[in-house]
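What follows is a single structure, written as structure tokens, with notes after it.
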Amino acid sequence: MNKIVVEGLKYKYPLSDTLALDDLSFQVKEGEFIGIIGKNSAGKSTLCQALVGLVPHFYKGAYGGKVFIDGLEVKNQTIADISLKVGMVFQNPFTQVTGSKMTVYEEIAFGLENIGIPRSEMIARIDYVLDLLKIEQVKDQNPFDLSGGQMQRMAIASIIAMKPDILVLDEPTSQLDPAGSEEVFQAIQSLSKQGITIILAEHKMEKVALYCHRVLLLDDGKMVDINTPGKIFSRGDLEQHGVAAPVYTRVCKELGVRKAGTSEFPVTLAEAESVLRGRKI
Amino acid sequence: MIKVSDLSFSYRKGTPVLSGINLELDQRSTAIIGQNGAGKTTFVKLLKGLLKADEGDIFVNNHHVKETTAAELAKTIGLVFQNPNDQMFKRTVLDEVMFGPLNIKMDKQQAKENALMAIRMVDLQGKLDINPHDLSLSEKKLLCIAAIVAMDPDIIILDEPTIAQDHAGKEKIKQIIKALKDKNKLVMTIIHDMDFVAENFERTIVFNEGKVLLDGDTRQVFSQKDMLKKAHVEPPGITQLAEMLGIQETILTVEEFIHRNKEAARD
Amino acid sequence: MKSISLYVDKESFIHDFDPITKLLYILFALFLPLILLSFTVSFISVGVSIVLLMAAGVIRKTIPVFSFVFLVLITVVIIQGLFRPENETILFQIGPLAMYKEGLLYALTITLRVMNIVSAFLILVLTTKPSDLVETLVRKGMSPRIGYVIVSVFQIIPEMMASMSTITDAQRARGMETEGKLSVRMKAFLPLLGPVILGALINTKERALALEVRGFNSHVPKTYLYEEKTHALSKWVQAILLLLLVGAGVWRIFG
């Protein structure tokens, strides 16, 4: 079943002359894990925000085409209503902390209070997400005292507690150290395994290749392609679109080694290892 | 160029952030890596005289850092902060870059010359009269590098220059580091991107829990898998691949890997 | 995490009372002496507040506040004692300066009133979490948006102070002197203020986005993580305070 349907989506920010999103069309099935890649200002963040209704409701601006989430058209819903279906996590862990709550536990409750979840249900949900994102041990700390990785997991927990079917993440690990990013990627992957549909804008191609079912390549607001990581990263014109393939793919491209029986190059460490094993190096 | 002996520092008594650091830094481009909270940023702030050491001494080009003000040190050692929004306030790109040189009493003509040279180095020459706030985040980061380069210090420290940069941005930073090296500057960088470290830095220092865990040629550092694990540092992807394939020596870049493969094919 | 709130996290029966009762107590302490116009009542009222502050275990935290208030009040005492126009009766003399009884009595009244209000306020401020106070007011009908702004200020201002120190470092790294003579500090003002304001604006926009996706503007009636704080005795205390106030008013008018 299609969870997200985007049809001819066009968008221009107010005070801007150029289209930030230019005629995008694609569908996402329930439970899929989609990566969005592209150079800076290709439209990744804008697309993420269009899926949760911040585009156009928060920014206004010129909007054309349609985005359906579970059959509901984003343009005709309020952000608060859409937030029950799609949650979004942003780049900067700091600015996602509301600043109005004294503990992690209360912070996670913030969204639930807003959407009117009864108290007993609220507590059950908070306990569940604390466990799911492995931040149980910091639940009584002040949100601002957490490490970057913990703070970002708290942001994800706050969103997941609202029980969306879809989670959109805009470069959630760009400001974290390697250990912090790994914590966050593990968390995202476990959510994906639970059947939540994931949309992830990301620069770290090795991670995209490892976790995503399909990858959407954007350039100048246009969709270049949406396909499996193998197909996308095997394209010959990636560099022209401002993207470098994972290091494993680059090596295999240079060596001209493809995955057995396909025209694709390996995209992960494991794939590269298996095709190169036994070669004389 | 920099000599650090028995350096210790703490923000609060009893919880040392750095302890017993001994380092000598030379012309080699140097990457400083390690987890958040390992003391990397504190260390460079000490070098720059923005913090005062509890114990130990730092000499930067024969200046005793303790006895020199941060403003005076600015002529010798430059530090580019992680977040460009923490420093920009001028109305044009050119003015922003000229602010530092004028601060250290460079004459106006010289300041402008230096600024233009630095702006060319980071490839923003087309945007001299633009308001810095209208630049993209990755351009802002390049602008902040230029603002330091224009002061012409012998040592330039970059804090996380590759964050928010895409492929093209990283290529630019690679070029900038190379250009600075060609001018005999010491370039030091705090960085989490190991692939970038492997490709661009001669020397790597690993900080862990306020101490120097590893220090040496980048290749030698990335060969010490177990020690890296201790500091929660993952070697570059290509290094891991080479190791899994049983290659004895430590491979740092795709080019090396390919080169080695060709050699092997010839044998 | 440093917060600019004065709240002292302790357990006491004063802490257990709801913010509304404490607000009512402030009104009571403010109006009772005004209605009755009596020294004794003011004295008793201040005494009661101080006993309550001790019972809550927060009396030590009041010392800096009271010290500051006294500093201001001493000038009042001196000026009124020396120069009040109604001054007639000399109490004592130091050199050419004479202290008068009328002025001192008047200063004493002011001192008592200020002490009275400050101590009643301190009960509220020192024993109530700002977020609890605001949550109570939101339950009573205050806009959640205004409530959010009030509470978040307590945490976001310290955050801004922290960013201020990063900005200072960033500009010092560019050779700017930030210490020393006034003229030097003045020159440093713009390079510091610009980034602070801009940073705050950027953060505000980002935070607004993050709040939106957490249903901040939802029209569904809000629910609360914590049950409304009430004390078994709240209703009684509130009733007695009101009764005393009304009684005092009646006594004043007809007595």
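Should a chain be cited, it is by its letter among A, B and C, assigned in written order, with residues numbered from 1 in that chain.
In the analysis below, a contact is a pair of C-beta atoms (placed from the backbone, for glycine too) under 8 Å apart; a residue touches a chain by one contact, two chains touch by 3 or more.
Worth saying up front: this structure is predicted, and the values here are computed from it rather than measured.
Taken as a contact graph, the chains are fully connected, with every chain touching every other chain. Chains A-C form the pair joined by the most contacting C-beta pairs. Remark: chain A and chain B have CA centroids separated by 30 Å (rounded to whole angstrom). Centre to centre, using the average C-alpha position, chain B and chain C are separated by 47 Å. Work out the mean CA point of chain A and of chain C, and you get 44 Å between them.
Of all the residues in chain C, the ones that touch chain A in their complex are 1, 3, 129, 131, 144, 148, 151-152, 155-156, 159, 203, 206-225, 227. Remark: chain A residues 39-41, 147-148, 174-180, 203, 206, 239, 242-244, 246-248, 250-251, 254-255, 269, 272-273, 276-277, 279-281 touch chain B in the complex.
For chain B in complex with chain C, the residues that touch the partner chain are 45, 48, 50, 69-71, 74-75, 78-79, 81, 83, 85-89, 99-100, 103-104, 133, 147-148, 151. Those residues of chain B whose C-beta lies close enough to touch chain A in the complex are 35-37, 136-138, 163-169, 192, 194-195, 232-234, 236-238, 240-242, 244-245, 247, 254, 257-258, 260-261, 264-265, 267. Listed in rising order, the residues of chain A touching chain C in the complex are 49, 52, 54, 58, 78-81, 83-84, 87-88, 90, 92, 94-96, 98-102, 105-106, 109-119, 122-123, 126, 142, 144-145, 155, 158-159, 162.
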